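Lettered A, B, C and D in written order, each chain numbered from 1.
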């Protein structure tokens, strides 16, 4: 086994990002075994330039990494071993429509970027962008590993494979980690010896689709901890356990009391493994009937105005970083991207959950559908583990989404607007009258039409 | 091929019925090739006795059939070649709860006997009765053909096979015929030569589950009529075609304008083949958001008080028939039971749709799940035809119901109340908050608890 | 239902045939309800011309059918509703190689046209011809019904669908009828009242692949006759029942004592439904180790010199028929082609076994593979029945052939000689050493290379 | 992660073994992180006692392990965390019949313990013993990990799960390692820098069934080495590479020139991953037509008299070891059992190939069938990796064996002798006439009937 890989070429699409990109920059700075170049590509070139500056400052001394903003996608991909895709499809104006337009029809979304009316419209403007990206990867760097962070995750990964079937892409998301942190907290509470359990010490079997993922088996040091989790859920089902699972610096809007998670466990016997805000969106309006229902279950709907404020603050921070007025914080992000890159570079195997086409991982979900489950990372290789069959009630909740996602992938490939509306309509969140559904779809299309020219009547 | 079968032994469970039993009596009276005995078994023995009198009057002269009310199930099944099951599980008081209790939570059901909260509760009291029936058939007449008419159809048939896997049972329903009648009307309108097309002249490919059945191919005299149907749906999508599809004497509450059917065709490209009242119940509240939504789509919710009135009238009519004050009308019912019995007796093969476990009929629905599709009836044999794969969007709408029905079958076999609640909850109609769902379930249990002792906490 | 169809356009590819074509001509002459034109296309135009003369003589008076030899395939297909394909791929010289070359390596084939080394080589020269035919049908008469009689049946049908997936083709073979005749004989013997049972009165469930087809259920007048068949097999397992199953005028070389059939039933519990000569070829050399083994089991290997003699006699007979020296015998052929054409023309539905891609008929064989099972013929429609799962031991014997056939279909589409050799090798009959297999393949290629230019090294 | 596990309780069934047991004893002696007790159970108690003595001598100083011969199976299993099963089913007299009786009918087996007539008969006497073992494990130590080394591997593992579905059993075999060693040799030759590559440095994707396992992907330090392997096979296809793959001390009878392996690769495009002697037995007699054919392909048939001699020598050696006349050699065995035990004890995860029921590993082999593929070992857990679909030609060769193995598992559970004969017959090696097959089966039964009382006529 090698000890270092200092000649990596990373291409970052969405390289002007001030969230995921900064996380990566921090993690790369903290990892001495890796080095090379990072090409930053963004439609906001200026933002990429700022990140170039910030990134290179981090390595002024050791020169381990060289950051470089580039003006074209092809230039960015040229020579890449690793491609990271983390883009905002459209602007916050479009997200405003995704999240809040449905509220006028009594449909409340906590996030609005995965499923539901918001997720569908977001996908409708994202997939045309992914069409460009997938083709470019196939042309310029077909052997590169492609890591997707963009939402809607499942559709982005599914569409990459649709356009370029030979792609070596997978999708990463930290939502499962949150539930692992809940379990780690539980163990700390239970062991009672002050020991601090890290989520990575818990071995979980992950199965499902992104943001609607489940853990049916979990162990710590070889011992099954699901019975303990059952008691934990029973104990906290009413009070919840606020804040757990979220990253330390998460704003209130991103936190939850985990009561939805506990309620789902007590009902279905497997641990739902995503933030409550995401989980609730995959279901009929059990937890999202009204904003008040959500509040009662211990979570908040994230208003887009909050995201605007967040963006504004980050832009200011970026300017300060560029001007050197403040120092970049080298804090581990909690993400696993860098650990995965290390494994792919031959610096140590490990198992974690990612999103990949189903090749046997979950035999009772359709073959080829993108699913989230454990994968073994090794030198230039990823090999999915068999997660096993989903319990039938969970399968019943999951399958309509899987089929919807397969239909929307097809619909995008065919520019088929009518099929896209069928997907919009088939979502379990769409508990409204047919005429209202038609009106809402038209309205959401109208508000975001700058990004929808792909779709043909 | 034989010409007659005059030695049949039919056992009618629910033999005091004044709807399906009378239909059968009329059809048997009109069919000279069949004869034998009909054992009438009913928990209301007096009602069965009345039907015995009415039935025997029909054959005073020809003595072809002998009707006989019997006091026990085993006696009724003894020697039977054909068993017909057509029962009301519980009374109209329970149906009152099934249909109207959910309205207090904003859930409106047009029928309330198949899926949705009403269908689930109805199943919960029916399946324990079917447990008794299936065991008795296995013991007394295991080789008999068993025809089920009781709702919820899918669950009744599914449970018969669960308890006695060797049973030769199938489920019959006339809902598909209604859509065939719509197509026959369309052909009459289109041919324009005054020709009257009978629904049986149209060859349809039927696929789905009972009351949520679809026709993806239809032909008349060898010609594909789906393009014509597409134009027909387009033409009448707004106005609808009132009354079509229903039996001649159907009350207003059982009729519809077929607008839901046309809307679904235009959306999904296959003809939904059941009354609009049934179809709407399998979907999120697109057509059932409020009673007003339903009315706008051209159908009515059937109030249980209407059924009470109907029952009262039929009881009066029965008394008059018994006393000979009025004559029994020998009108063909439009049902196919007698035609099926003829075919099984070796008097002519034919193809029609029934409900059976999936053995390949619909490869993209789970094996073993009860589905509705075409079957070839022949001498002592029924052989399903391959219907083919469901189109994906229809599969997406159907699968959650199929899985729910498999879960409720299991739940009943295990007396598992918690699993039954999961089924109750997973229904797409349940677009209410979780706490309300729990309260509603408890309330509906309470109101019908006389029939729910089977289920264990 | 109509009473006649007198405007049919049949295209007969291989129209110079003196076997299948004469059978068809006899059956058409005997069926008053059908009429129209038959275009005869053959690479031996003169033979087609002779059949034109013979055919038109049959209808000198009633003019119901007009036979017409044509010079090109496109002309023959033009306007066709029905296309019949019944060709000899290559000449008897090639068949000589197919059948007899392997004997030098101790591989004995009874027929040599389906599987085994002979079947593979025969397919290798047939499929390129079918490539031409399938494309022409797609271009000239895509909506026509296509009936294939050519062997290797499964591969011919499979390849038609491979090249033109929209084709409405099915494959017909009389081998199953033979086993039905055995069962009819058995019933006659058993009933003992001199009653003559016709094979069509027996309802059988057919499953498998052509020439290796099985009957797992059979009934007569509604009664299961499989227990009777078990006793029959037991009774005659040693003596056999000579001649049964074959057509009346079959030569000794086409007959068998049915001992293989009985032995397979006693071993596997389902009735093998093809002539013993065909059945034996699908198996390891259990019944074909040597010519002596075959003789001991009551059947003969058909030498190609016998076929040469047969051909010579038929050519003479043809000349005499053309010259009017002898009269064409209007004897029913026992084939079902004309009955199928009647049904497709809307003159009466019926169920029989044909070869079609698996769409659910046999769930434990691969989807899309061509299988033989029952199908319901109706007006311009054929609908397969669900045959059900094959019993596992029979599935184990069948699957290697199915996979081989799928591979050879692919191999032909790709002109892939190496893949064709893999198929040649994987056959259970190939119980020879690897080097011998290579030599034999090369030798068989060499002897028939006039027809193998399609295949690329 | 812990550093040691010194409290293990291993139960060794077949603990008098002088092959596998000595390997384990050597490996345990060399692994300082593990310790505990080893209960040795054997029907030859004296042999177990000798191993007790030998084992305890190894730990005279460090006392890490305590070996203890016990007299009953239940006693041996009591408290076990790990159960190892490695037995000789019957004696070498039975093996003599397995291997050599078929030779009288022209069937030559190189090993005779897996498939073919010898494998089937061996299974027929082994599975009744496994019935006892599986029940005892279910009763005494249901949570123990069970490692099977006995052949026929697939059937042993399959039957353990059949009898006790909750068992945590897997099967281990070193045959794949041999092919990995061939690849390591190839890399050494190719790199040309004197570097010595260890087989564990090569990452392979393993798929198939035990002794007929395939590698379709292999990489070294992240680079695909399959193109190199293709050239290697081409280069050595005629000369072979003698001795490679075998363990250093392997006798001539266990060695091969790897020519079968290379020939299969060149034919099927995937690397057959077992010794040639095993591979050849799964195929028609391509490489085993005669002993001479085998010799030409570079391998030998192992005569049972050689095994007798081997046994005799080991018995002598055992006596000397017990008496202390010679020293036990502490040489690593090359087996992975101890590494697996370490991983299960929480001392480090790793991936290797074992035999387990198919839960998605190989989607185009039947679910539940025991397959060999990669598995991730971790603390008290084993998780299979998705190996993916088998290439179709390999699937065609494998499926008949898989179905045979499923049938023999069923047959054993039902004591069904007739079904066992069907399995015997269905083997591709059985290229003999049916009557000979019957005679041979009867003869092999007769010669080994002491162990066959389980089977009912």
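The working rule: a contact is a pair of C-beta atoms (placed from the backbone, for glycine too) under 8 Å apart; a residue touches a chain by one contact, two chains touch by 3 or more.
Owing to the predicted nature of the structure, the values given are computational and were not obtained by experimental measurement.
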| field | Neighbouring chains common to chain A and chain B, by label | value | none
| request: Can you check how far apart chain A and chain C are, centre to centre, with Cα atoms defining each centre and the answer in Å? | output: 57
| said: Using Cα averages as centroids, what's the distance between chain C and chain D in whole Å? | reply: 46
| With chains as vertices joined when they touch, what's the shape: line, ring, star, complete or other? | ring
| said: Let me make sure I understand the interfaces: which chain pairs count as touching? | reply: A-B, A-D, B-C, C-D
| note | The answer for chain B against chain A in the complex is residues 263, 267-268, 284-287, 289-290, 293, 296-297, 392-393, 395-397, 399-400, 403-404, 406-407, 419, 422, 425-426, 428, 430-437
| Which chain D residues qualify as touching chain A in the complex? | 2, 203, 205, 219, 221-223, 344-346, 349, 351, 359-363, 367, 374, 376, 378-381, 383-389
